[in-house]
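Next come the structures, one after another.
One chain, chain A, links the two complexes that follow: it is found with chain B in the first and with chain C in the second.
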Partner chain A sequence: MIKNDSERKGLIINILSLIGFIIFWHILIVLAREHIFNIPFMRLKDIPTPLETWNALVGSMFTQTYGPGLTYGIIDHIRASLVRVVQGGAMAFIIGVPVGIGIGYSRLIHNILNPIIEIVRNMPPMAWIPLAIFILVTGGSIFIVFIGVVFPIILNTIYGVRSTDARLIDAARTLGASQVQIVAKVLIPSAFPSIIAGLRIGFGVGWMAIVAAEMVIRSPVGLGYFIWNMGDLGRYAEMVAGMIVIGVVGYIMNISILLLEKRLIKWVD
Partner chain B sequence: MGRLILKGVTRKFNGFFAVSGVNLEVADGEFVCLLGPSGCGKTTLLRMAAGLDAPTDGELLLDDNKIEGVNKECGFVFQEYVLFPWRTVKGNIEFGPEVKGMQKEERERISQHYIDLVGLKGFENHYPHELSGGMKQRVGIARAYANNPKLLLMDEPFGALDAQTRNLMQGELLRIWENEHISALFVTHSVDEAVYLADRVVVLSARPGTVKEIFDITLPRPRVRTSPEANALRDAILKSLGAEIKRAAGKV
Partner chain C sequence: MKNLTKILLVVIVTALFAGCVEDKKTPDQPINLVKMGGQDMVQRLGAGEIAGFIGWEPYPAIAITKGYGKPLMYSGDIWKEHPCCVVAYDQDWYKQTENADEILDRMALVQLKSVEYINNAKESGSPDHDDLINYSMAFGGMTDRAAAEMSLKDVEFVYSPNIPGTETFISKIMDFNIFDSAKWNQSGYVNASDYANNLITDRYVKWALQNREKDLSSLAIKEPVTIRYGYLVNDIHELPFYVGWQKGWFEDVGINITLSEGTPFQNGAFEMQKGFKTNAVDIGSLGLPPVIIHRINSNDFAVDDARVGVISGMNNEGSVIVVAGNITSLADLRGKTVGFPGPGTIQHVLFLMAAEKAGVRVSY
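Showing the complex of A and B:
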């Protein structure tokens, strides 16, 4: 992974920066609790310190039973949220890619679908939550993710198809390719990097959407539900731990798709 | 067979004539070079021969059949190579056989044959971005040949190469072409290249392009670029072309 001195230096700075942030966070909270310093209008002392957050994270990692009650662990919450994002994302991919190819390829399809898409894509996923609760018996959160992921995929697919080098299409035609073959063997492979980029952007949006959806569409498991519930209960250390987990999982998801991109697309300079 | 005939070919683009009344014949197995000032419609002529563009007036015939719609019996070689970047050398060369629905073994036999012919053995599984310009154009030529065309159309195929690679590739092209004699229409800006390659050199006039003068090159191949005969031909062609370049420049 690390190739040279400058990359090693960069990594060291990255790590120091994280450590620095944690120390700063700790000092800030301790100063507030000791009444030495506080930011006006903020209750800094109620924020857990890094260590408290860490302990909360470790403590709530796995499913626990309190008397007759059952509390899901963070691992279960991560799994539940990820499954929803993957389900919604997969649906968005299956529908978004053909729609994007159709719009990118055909002026007629573009003219038919574009006005609808241009308006619908400007409605944030969160704006769909009330409707989703209202009309969907189940899978509301998955639907919200779908809304978040599908538009980046459609737009990137359109862009990918449209930016196909016209000469490649000419070359394929002189080599005897039919219209269908041009779509399958020229437009789609040419748009592929752009489609994967759309998938990556989409999953980023989908991850934000799922957390919001889970807060509103209550189900007993999911990271969004977890941090909302912990906040409700006044267990701020668990809540902050949940927030950090959301960030870390989102980051890992992004990196994973980037790595997948590199593996799948060997032909780009 | 592969006889291309252009009869009174005219192509008008929004308000101006790119080419006007071009009459030309490329005999079966003949190598014809098109020379002309920039903007005289050389590429337009090639695109019409490939059926990628249609004449406003006149007609193009390949073996007495009118070219309408994409001409699937031609092999087009582009200046900037225009290889499929997501396909390997082998994948690019097999594109034509593949879209024709040829079986895998047959496709591989064909691609291997042309990979050997153009000298790319060992690079079968390389992607275009891993190849030099000269190698990319070898793939471009092999891809055109693998489609078993009756007519090769080449649009300044060596225009993007450095001078040394260019000379080398001209020799390579002739070697390949002599192996499988296919009629060829070759657009170039280089008089030297035309004299080295062609059976006939067609000089086009400034826009609107029309046939100005045709030079028969009967020198035996392989040709010596610096022979007195080659020099005399270059001189004559340059004079003919020079007048058109001046006219073209005057118009701009």
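Showing the complex of A and C:
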């Protein structure tokens, strides 16, 4: 909710900026089509105008059937991509949090796992795509999301655990707490804000990774597949509409996790 | 800890629910067409990752001879003697080239000679048979002679353009809603027949037929020209081009062939968008449906940059639906993944036509 004039002003500027961008986009394409302006080595005139993109978005929103052909709507593509991100993200969360706590808390586990994680986390999710194609019969895209999400979660969990006030751990020990109790009652609550931040960063990476993975690891439905298919058919307006949807869904996902973060971690701030 | 447990529970439940939603089965599931390259289709069928594919020769022959699958349907079963690949020229090149007609006459003549050579050499008793197999293996990226023999049998090589067949393709593409409707309206074509007649001409093949008995060098263009040619990767349908090139027949008529940037293209859609539209290709061979689709969808009608003209046929038929051993009909493919070269390719349109006949749905 808008709390004060400053926020209201900020919102108005945000909206005007968006409208300004759309107008700029429209003028740029019209000028290119009229051969008044072009950027060398680019075919600007082939980019659809905002209105053409909007019409394409509306036209391809729902599943359509022509003869025997069924073309999935953007709604189905969003759902399919989100399902993969949630599945890959869930796997990453289930594995990443315990691994992060282990590395953060135990010097031995740190020494064993850290060299491997330091090397593997520097491999971008997209670099795993060929391997995923060859070794996985199914679920390649989910695996790519997992790779994208798991390392931000691990690293943030490690950071959260290591940032725990040592006096709290000492106090718990003094009061006779077991190792399990220290982890459950001290480390995890302390690391929780950091874990959620890792989840948010991870989902952002996972969302970018899923789109790339869907372009290469073919499946019949998914936003990455949709924009590639539309490009193949020369339907650039639908392709750009798909790209915008990817951006909007990613933004909504980020905002949702931020809101979740605020709701769950009331003691921070 | 309480919050973490809550999140963990929510995440697990959501993931499980998401999985259930994705795996939901319905009785009338569509066949899922998924785009992939030809070699990928063969390998993935062999690995059991897909239930089948529709591809151009030699990929079906390679998969069958390796024992990865069996032919379910030849494209001739879907539509007898359907047109397939064609030879096309770029309209911008045509406008800028003074003797374009002279060049296209000779391109059609070499196509005619190559087709005649191949059709004779296809007979196993022909003295040229071994050479033809070697050409096929080299152009089709094959190492197996049996696959080369099989792939040649499935293709009917032709030189005549097929206007009625083109009209049928255009009508089907309209029925399947593949055209961008706004672009179609801009094109100004009244109907399929109007478009087909604008796209294709037989004047060059007529000239070639009139001159078929003459020595090629006697018909050479006075000043040799260089043509940037585009073709599709490992596509046996386009063997007449390769034969004419390897035999030196293009040079005999005064045409030096250089391969265009991007050749060999992964599919016809790429050749239209990255070859003809960008003026990287002067003349090339590709499937008829990508020509039909992208001359509309990818065209900027203010400058007509994706406008091409078809001067001759290349082949009829020559695509096959290859499936795993347990599949006996198209209906068996419901809910399964089938590889295809991409939306807007001839195999895409043929598969939709087969599905229409069989009463099954296809998602792509």
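As a working rule, the second predicted complex is superposed on the first by the 269 of 269 C-alpha atoms of A that agree within 3 Å, B and C clash if a C-alpha of one lies under 4 Å from a C-alpha of the other, contacts with A are read in each partner's own complex, and residues count from 1 in each chain.
Basically, a contact is a pair of C-beta atoms (placed from the backbone, for glycine too) under 8 Å apart; a residue touches a chain by one contact, two chains touch by 3 or more.
What you see is a predicted model, and the numbers here were worked out from it, not measured in a lab.
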item: Superposed partners chain B and chain C on chain A - clash or fit; value: fit
item: Partner chain in contact with A:V97 - chain B first, chain C second, else both or neither; value: second
item: Which superposed partner A:G234 touches (first chain B, second chain C, both, neither); value: second
item: Contacts of A:S219 with chain B and chain C, given as first, second, both or neither; value: second
item: Chain B versus chain C as contact partner of A:K185, first or second or both or neither; value: both
item: Following superposition on chain A: angle at chain A, chain B versus chain C, Cα, nearest 10°; value: 160
item: First, second, both or neither for A:I109, with chain B first and chain C second; value: neither
item: Partner chain in contact with A:D165 - chain B first, chain C second, else both or neither; value: first
item: Partner, of chain C and chain B, that touches more residues belonging to chain A; value: C
item: Partner chain in contact with A:A177 - chain B first, chain C second, else both or neither; value: first
item: Partner chain in contact with A:M126 - chain B first, chain C second, else both or neither; value: neither
item: Contacts of A:G69 with chain B and chain C, given as first, second, both or neither; value: second
item: Shortest span in Å between Cα atoms of chain B and of chain C, once chain A is used as the common reference; value: 10
item: Touching both chain B and chain C, residues of chain A; value: 185, 189, 192, 265
item: Complex interface listing, chain A residues touching chain B; value: 165, 167-168, 170-178, 181, 185-186, 189-190, 192, 265-269
item: Residues on chain B engaged by chain A in the complex (per definition of touch); value: 50-52, 70-72, 74-76, 78, 80, 82, 84-87, 95-96, 98-100, 127-129, 143, 147
item: Residues on chain C engaged by chain A in the complex (per definition of touch); value: 1, 3-4, 6-8, 11-12, 14-15, 18-19, 21-22, 30, 32-36, 47-49, 175-178, 180, 182, 267, 269, 272-273, 278, 293-294, 296-298, 300, 302, 306, 337, 342-344, 352, 355-356, 359-364
item: Chain C partner contacts - residues on chain A that touch it in the complex; value: 33, 43, 45-46, 52, 64-72, 79-80, 82-83, 86-87, 89-91, 93-94, 97, 137-138, 184-185, 188-189, 192, 195-196, 218-221, 225, 228-229, 232-235, 237, 264-265
